[in-house]
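All chains are identified by letter, namely A, B, C and D, in their written order; residue positions are counted from 1 within each chain.
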Amino acid sequence: MTERTPAPAPSTEGSALVVIDMINTYDHDDAELLLPASRAVVPAVVELLDRARTAGVPVIYVNDNFGEWRSHHGELVDTALAGPHADLVEPLRPDGDSLFVVKARHSIFYETPLSYLLWELGVGHIVLCGQVTEQCVLYSALDAHIRHLRTTVPHDAVAAIHPELAHAALEMMRRNMGAHIVAASDVTFEDRA
Amino acid sequence: MTERTPAPAPSTEGSALVVIDMINTYDHDDAELLLPASRAVVPAVVELLDRARTAGVPVIYVNDNFGEWRSHHGELVDTALAGPHADLVEPLRPDGDSLFVVKARHSIFYETPLSYLLWELGVGHIVLCGQVTEQCVLYSALDAHIRHLRTTVPHDAVAAIHPELAHAALEMMRRNMGAHIVAASDVTFEDRA
Amino acid sequence: MTERTPAPAPSTEGSALVVIDMINTYDHDDAELLLPASRAVVPAVVELLDRARTAGVPVIYVNDNFGEWRSHHGELVDTALAGPHADLVEPLRPDGDSLFVVKARHSIFYETPLSYLLWELGVGHIVLCGQVTEQCVLYSALDAHIRHLRTTVPHDAVAAIHPELAHAALEMMRRNMGAHIVAASDVTFEDRA
Amino acid sequence: MTERTPAPAPSTEGSALVVIDMINTYDHDDAELLLPASRAVVPAVVELLDRARTAGVPVIYVNDNFGEWRSHHGELVDTALAGPHADLVEPLRPDGDSLFVVKARHSIFYETPLSYLLWELGVGHIVLCGQVTEQCVLYSALDAHIRHLRTTVPHDAVAAIHPELAHAALEMMRRNMGAHIVAASDVTFEDRA
């Protein structure tokens, strides 16, 4: 489309909370392995959501669309809420201020408009929570590092399929991708003022 | 997310019809210049939609979300249909089989999952219609060329703001981007059988 | 490779001069059409090179490698200097401080490390010169715009194959890509101090 | 530049051997940890090089340029050969048929022309060797998977800094990225005939 009002050059001082793949019907491969871990992290994700919303920090759900290119994100939420694992989705459902980005190939950045959205929002620091630690979370932390974003990963707000791989993934993020690995209760959203 | 059923290597023999930025409230800069051209191309776009749907060719709406990261595509359609220019949107609205991809930065490919969707669908040939000829259509034809896709642009199904720039844009697509520039009535969807 | 010293967050206040595809043997399609235009812009490109070097502004040659993945850029320069059109290459050859990026698919940004190099250099403003106005220069200005870089294109330092398409391309850059179109003598490199 | 002879649609049946970051002065962070592992994999890399060259399989060196944007790849090789660890570089140096791609941000694909080069060569299967297993090799296997390439990683031809992370990395590649993890002696280059 044509240009609208020209954007001012945004700062990169803000934080955003990114919730990865938690809008889920849990009927995919390895779901049985993932479910207990997902259940365990829901309280920490909910706490992060509450704190971000209270602080006015943008909340962005980046979610696989599970091949449903005909469905929109409201339908994805409805489907997940109608399924047998609605109890994992209901507490952390998007509210009216939540932003939503669809991803298709694992990483939250690869062939998605997330970089642009963060730029528009003036965000240079992202807090990643959700699943799967040793898959999408790892890949997203790598892509954030490559794009020069500051990244925090609360280790008790990311869910794993394989605990040993998840442990290694968090260590890779810390050592090689410059990510801060902290407890969810220690996450600090950067000052936007 | 975790992998589902491994995808077979798709062919690239299929066609898709891509409708660019026609879900629109026409309240942006230059909308007054664009409106007559948009109105003029609606019948050709509708004809292409009919033919594609009859032939079982995938129809993909790739549309700016106009900064509405909270809205889903159903809401974008509803908003456009509630506006003063609903007559331009109603005839070509998405049906239940239509696919939908949100773009943010002009090109239908840049930081969107369109490449992946086309790959999944086995599509190697795209027919571009919609607007704006000398902007998003041109940029999308370039990005298709760079990605080795075959591209057809029906000159009477793309709407321009500046006729001279649009004329040059179509010539650039033909000479330098390998696009086939034809009348909408001469568009041939490639055989999927 | 492993990380070296962590990079400080660079500014985006600096300028760079980008010389596109001027290291050339002129034996490709349309070379006969391009040659007179290339010859005509050499003095303006040389003037820009002189001013950039004097001001300490980085000079980056971004050049097609013409499929010569076995050759390095020194060999590309040598080959061009050994050819029948060495007089177009000799005056603007890279010096010991010049940076060099190989491109393969038209745009200076698409699948090249240029974005990263500009980031490392603290460059947010690029001056594009070289060829071909209605092809690589246009595509590069588009990709710069999408990446939020400030862009200046000196109209007398870019060479065209088709004057009418080049005229339209410059107008597209000005109207739709936020580029400043000026005479080479009016180019201002942004202050790096 | 302008188009040359239009490329035919290549197949994706061929293999290529990709040698990652082995042209190295070993003066970076963690080099002391890496050196013994690098030394240990040289014979397997040399064997793969010999087999690929004998079979006519393309060999592509994808290497960090260590910030040396003024140097070309011949100079990078010369520098590595003049350093204290030339014995690790000499046996696997590029020959006159080797292809060379410079990377800047870890992955062999991110902002490099490698995808295009593979496409031109008709390559759909890559064999990754070199270093560092839990860093660039892992990231490259991920990016290959995202791009639908078939990938083989010979576990005894990739060098690690941290054996435990490398072990996890190989397991991630096998489980989640569809890579074949084999001994170097079991690598099969796909038939190009």
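Everything that follows uses one rule, which is that a contact is a pair of C-beta atoms (placed from the backbone, for glycine too) under 8 Å apart; a residue touches a chain by one contact, two chains touch by 3 or more.
In UniProt terms the chains read A, B, C, D = Cysteine hydrolase.
Model, not experiment: these values are computed from the prediction.
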item	value
Partner chains shared by chain B (Cysteine hydrolase) and chain D (Cysteine hydrolase) (touch criterion as defined above)	A, C
Fraction-based call for chain C (Cysteine hydrolase) against chain B (Cysteine hydrolase), same above half, different below	same
Whole-Å gap separating chain B (Cysteine hydrolase) and chain C (Cysteine hydrolase), where each centre is the average of the chain's CA atoms	31
Chain A (Cysteine hydrolase)-chain C (Cysteine hydrolase) separation of Cα centroids, rounded to whole Å	38
Whole-Å gap separating chain C (Cysteine hydrolase) and chain D (Cysteine hydrolase), where each centre is the average of the chain's CA atoms	29
In chain D (Cysteine hydrolase), residues with contacts to at least two other chains	2-3, 105-106, 135, 176
Footprint of chain C (Cysteine hydrolase) on chain D (Cysteine hydrolase) - complex, ascending	1-4, 21, 24, 28-31, 34, 60, 64, 66-67, 69-70, 72-75, 96-106, 111-117, 120, 131-132, 135-136, 161
Chain B (Cysteine hydrolase) to chain C (Cysteine hydrolase) touching residues, read off their complex	105-107, 110, 134-135, 138-139, 142, 146, 162, 164-165, 167-169, 171-172, 175-176
